Amino acid sequence: MTDVKGFFYPRTASGRSSLIPSPPWYYSGDLLTVEYRTDPARVAELLPAPLELAPEDPGAVAFIWADWQSCSSSREELLDPVRSQYKEAFVVVRCSFGGQTYSRCVFIWVDKDFAIGRGMHQGYPKKLGSMWQTRPHPFAQGAPQIAAGGTFGATLAAGDRRLAEAVLTLREESETNGFVNSHKMAHHRVFPGIAAGAPDAYAELIESGSSEFEAGPAWSGDADLRLFESPTEELDRLRVDEIIGGYYRQVGVVWNGGRSLATLSGDTRSGATVSERG
Amino acid sequence: MTDVKGFFYPRTASGRSSLIPSPPWYYSGDLLTVEYRTDPARVAELLPAPLELAPEDPGAVAFIWADWQSCSSSREELLDPVRSQYKEAFVVVRCSFGGQTYSRCVFIWVDKDFAIGRGMHQGYPKKLGSMWQTRPHPFAQGAPQIAAGGTFGATLAAGDRRLAEAVLTLREESETNGFVNSHKMAHHRVFPGIAAGAPDAYAELIESGSSEFEAGPAWSGDADLRLFESPTEELDRLRVDEIIGGYYRQVGVVWNGGRSLATLSGDTRSGATVSERG
Amino acid sequence: MTDVKGFFYPRTASGRSSLIPSPPWYYSGDLLTVEYRTDPARVAELLPAPLELAPEDPGAVAFIWADWQSCSSSREELLDPVRSQYKEAFVVVRCSFGGQTYSRCVFIWVDKDFAIGRGMHQGYPKKLGSMWQTRPHPFAQGAPQIAAGGTFGATLAAGDRRLAEAVLTLREESETNGFVNSHKMAHHRVFPGIAAGAPDAYAELIESGSSEFEAGPAWSGDADLRLFESPTEELDRLRVDEIIGGYYRQVGVVWNGGRSLATLSGDTRSGATVSERG
Amino acid sequence: MTDVKGFFYPRTASGRSSLIPSPPWYYSGDLLTVEYRTDPARVAELLPAPLELAPEDPGAVAFIWADWQSCSSSREELLDPVRSQYKEAFVVVRCSFGGQTYSRCVFIWVDKDFAIGRGMHQGYPKKLGSMWQTRPHPFAQGAPQIAAGGTFGATLAAGDRRLAEAVLTLREESETNGFVNSHKMAHHRVFPGIAAGAPDAYAELIESGSSEFEAGPAWSGDADLRLFESPTEELDRLRVDEIIGGYYRQVGVVWNGGRSLATLSGDTRSGATVSERG
């Protein structure tokens, strides 16, 4: 019997094997966002109790591509960049809990296991996918610039099927980078019961956001977004009824934990109730 | 507010997006196993309280490669095999809890996200890796057969580094496929607390095994195993002191849940105690 | 100045770095074939001079998935199977040259660089793709068997788009594994001229086939094949007008070179003529 | 019989399927270079006749990582960036031909098939690999800047083995980005004879360089480079005897063809002779 170390599994005597290091986690990256409206009933389908639809503009959705480089406090991952670079595409809606409006990631794909591990901790429902987004570069031979007229593409595939495509042409600097992903996140962390057919063994509602945030100017522009069918995904249920806007922004972020909003009892799938406030 | 469905995240109105379907899960595959002895102190380092070293042969380790095809009860994944085939390499030791001997997977790498999702549920500490094992085939031009003299190689890499290599030459049919991975598994399922520096929010010790098991003859043979250094792994701490044996077997397995052994309180990393028996 | 060695690039003093070893090359694998008829005019579009449509059934097409393990004479690749296993999907039509009927691969995707290198030598127009085909296994939990009723799926994706899907249900043993891919292959090997806008610098028509071939019983069955659009592919121009049959067979093959049919002059893209018989 | 179109294979009626579009090709990217000296005899081993060692500093080697975004004249690949982004790592030496000094790429790994196709045309001996290099970003949370003190890592793996690692810490702006890769490239384009054991069917020595080149300031700094063994590679024969320097530079490049220097006769592997000047 030993005291093991490590923020996450596998825990060992040294803690060195942990899939993810202890927070804080540091990120530099580029965000390409398309915001649009869908039928609020489709958003409601993704909000288990005790969450409710946001009071204003409840059908607003943000589809976000992010191209990240990230590291722990040691910064050692930056010198072995297979351990620091990853891409993701994710869908954010808003919801209400305890009288407050939260952002909530309902679908997300990443391309590294450490990103999946962080997602388990933070309550992001991460799957593996293949994401690509056009990169800006100072030289225009094979790249746009972050400037009026700069055109960026972004794609998402998983299971060898293309799931989404966006094109964004920048028009002008913008006061915001969108509003759907601007609240703290409200996410579930759940373990299904291990026995066959059992209800959830553990369910917690947690809140988190960045502990530090820096950003360049946000740019807005003309955006197009297409969602495709897949037998294992439901992205296309969040039908694009009306484009709100497209945005591009370079950011630096630190994440250092969150706060437990509530421990839930009963099964999350059929009306969990708050058994303990966080 | 909705009743959501889905065995695992993301939960939706239909449940179709879940990273993994509800058990039972069905598997057909080939196992290449190398069993060896290491210093029992190194095994103990991987056993957090309330687990203890197995009473007999406590330094025994099984390094296993598996080439799987798997599906849910619908069997639909078999016709879209990007969703059913995956490979894995994993390390099993034995431990003792409540007077009983268990197997325990201490390190494991897989190459699909649905396999990671199953691992989260079952308590396997899965990372992504690149695993390869020689396949038997009826025609010998580019393949060995499962027969005396058949030689199989297996490799594991992660983070763009090779972590392990094995070579196995079959000699004869064997009564067993090894003994280290032959018990029920005792695994932790843990959520670190969401607040910075917090102890574990949830920790459970669960037991599981196959609900159905079929197998062809086990073959034993001469085995070689080499483990390599990596800054993010500790495989090579489980130094190969003495090869016990090498095995090859084709199997069919069903997994349909397990049993909670205990809910733990305190932090798993510093001597959790059993707060409730499963 | 040195005598360099190596069958292919990069050539070095030892020859050890060559992307591919010297033939003969040895293969063991499983073939899933769907044969169908399309408009012969679409086949003709893929046959540059001096090739002509095959005299009989000129619109016949074979779409083939193959799951291979392969090696050189040293067989060392079999023990490091990242170097021996690969998957491919390819499309074969027939054509006529010098009064003889040939098979010709018009589109092909593979998932390893050594397979691309072999293709450069053999005249297969290989791209990278992601191919999956259901594997048979002795245990039925997660696998079909090669037997009546066994159902196999196969998929092809490239560029993060799904390009083709097939489902095959075996019905009975068959005298043949199809007829479209049963001739020697007639392939071009071409270097475009290095100067901007120059005609081909080199073009050769070569013939090759297996030097050794073993196979289990062929099985035929009911097949379905769907082809999808892509901005970079033209698979779907070979529209499935009528399914001829579906086949499954396990084979062992040796390839050991071919024969030059002709060196071509002029540009292959606008009516090359035979300048020298092979 | 048809006139087919397409710069490269597979050629079709429309030309749309070609693995690569017609030049010119456009590139924007970041180069991380480590220059060093090795034993000139090891360089000579990689120079088949009629090439000779460069007259000055013949043991100089440049190891270069490049993170590219690229496109054709249509620029359509930029909006589907799975078709435009790729990474590479390559090794350049210098050589002499016809009294002129050339650069020559002796080993190169890339991660996309279109990059392999371009390499076939340009004479780069491309294999698939996994390359990573630290990216600069305006926000420092998870990234260095291109400025004094900025530290960048770079790694190369192939065949599930790590082959090379570099670390570069920028010190100051530099007049040059190194000198080894600054000449036109002299590359072979070779087809081995298709018959078993035959000499090369075609061998050509070509010259090429960029038709347009823009660049930001070059930065030099302290560099470290480590090369590792592999059974299929010979990188480590080019032992690092003395580091010359490390460099970082952002560039924009256009490539639009080259010039044939010579058609060779005899076998490239045993002293080819120039049969025709380009």
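Think of it as A, B, C and D in the order they're written, each chain with its own count starting at 1.
The rule is simple: a contact is a pair of C-beta atoms (placed from the backbone, for glycine too) under 8 Å apart; a residue touches a chain by one contact, two chains touch by 3 or more.
Listed by chain with UniProt protein names: A, B, C, D = Acetoacetate decarboxylase family protein.
Note that this is a predicted model, so its numbers are computed, not measured.
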Exercise for review: Moving only to chains each one touches, count the minimum steps from subunit B until you reach subunit D.
Suggested key: 1
Point to revise | Comparison of A-C and A-B by number of C-beta pairs in contact, larger one | key: A-B
Review point. Measuring centre to centre with C-alpha atoms, which chain is farthest from subunit A?
Key: C
Practice item. With chain centres taken as the means of their Cα atoms, state the distance from subunit A to subunit B in Å. Key: 29
Exercise for review: Report, in whole Å, the distance between the mean C-alpha point of subunit B and the mean C-alpha point of subunit C.
Suggested key: 37
Review point. Measuring from the mean C-alpha position of subunit A to the mean C-alpha position of subunit C, what distance in angstrom results?
Key: 41
Exercise for review: Find every residue in subunit D that makes contact with two or more other chains and list them.
Suggested key: 80, 82, 130, 132, 155, 160
Exercise for review: Based on the touch definition given at the start, go ahead and assign the chain network to line, ring, star, complete or other.
Suggested key: complete
Check your understanding: What part of subunit D is in contact with subunit B in the complex they form?
Key -> 130, 132, 155, 157, 160-162
Study note, to complete from the structure: Counting only contacts in the complex, subunit C reaches subunit D at residues 1-14, 16-17, 19, 23-24, 44-52, 76, 80, 82-83, 106-107, 112-113, 116, 120-122, 125-128, 159-160, 188-198, 201-202, 204, 206, 208, 231-234, 237, 256-260, 268-271
**Study point:** subunit C to subunit B touching residues, read off their complex
**Key:** 26-29, 68-71, 78-82, 84-85, 130, 132-135, 137-144, 151-155, 165, 167, 212, 214-216, 250-254
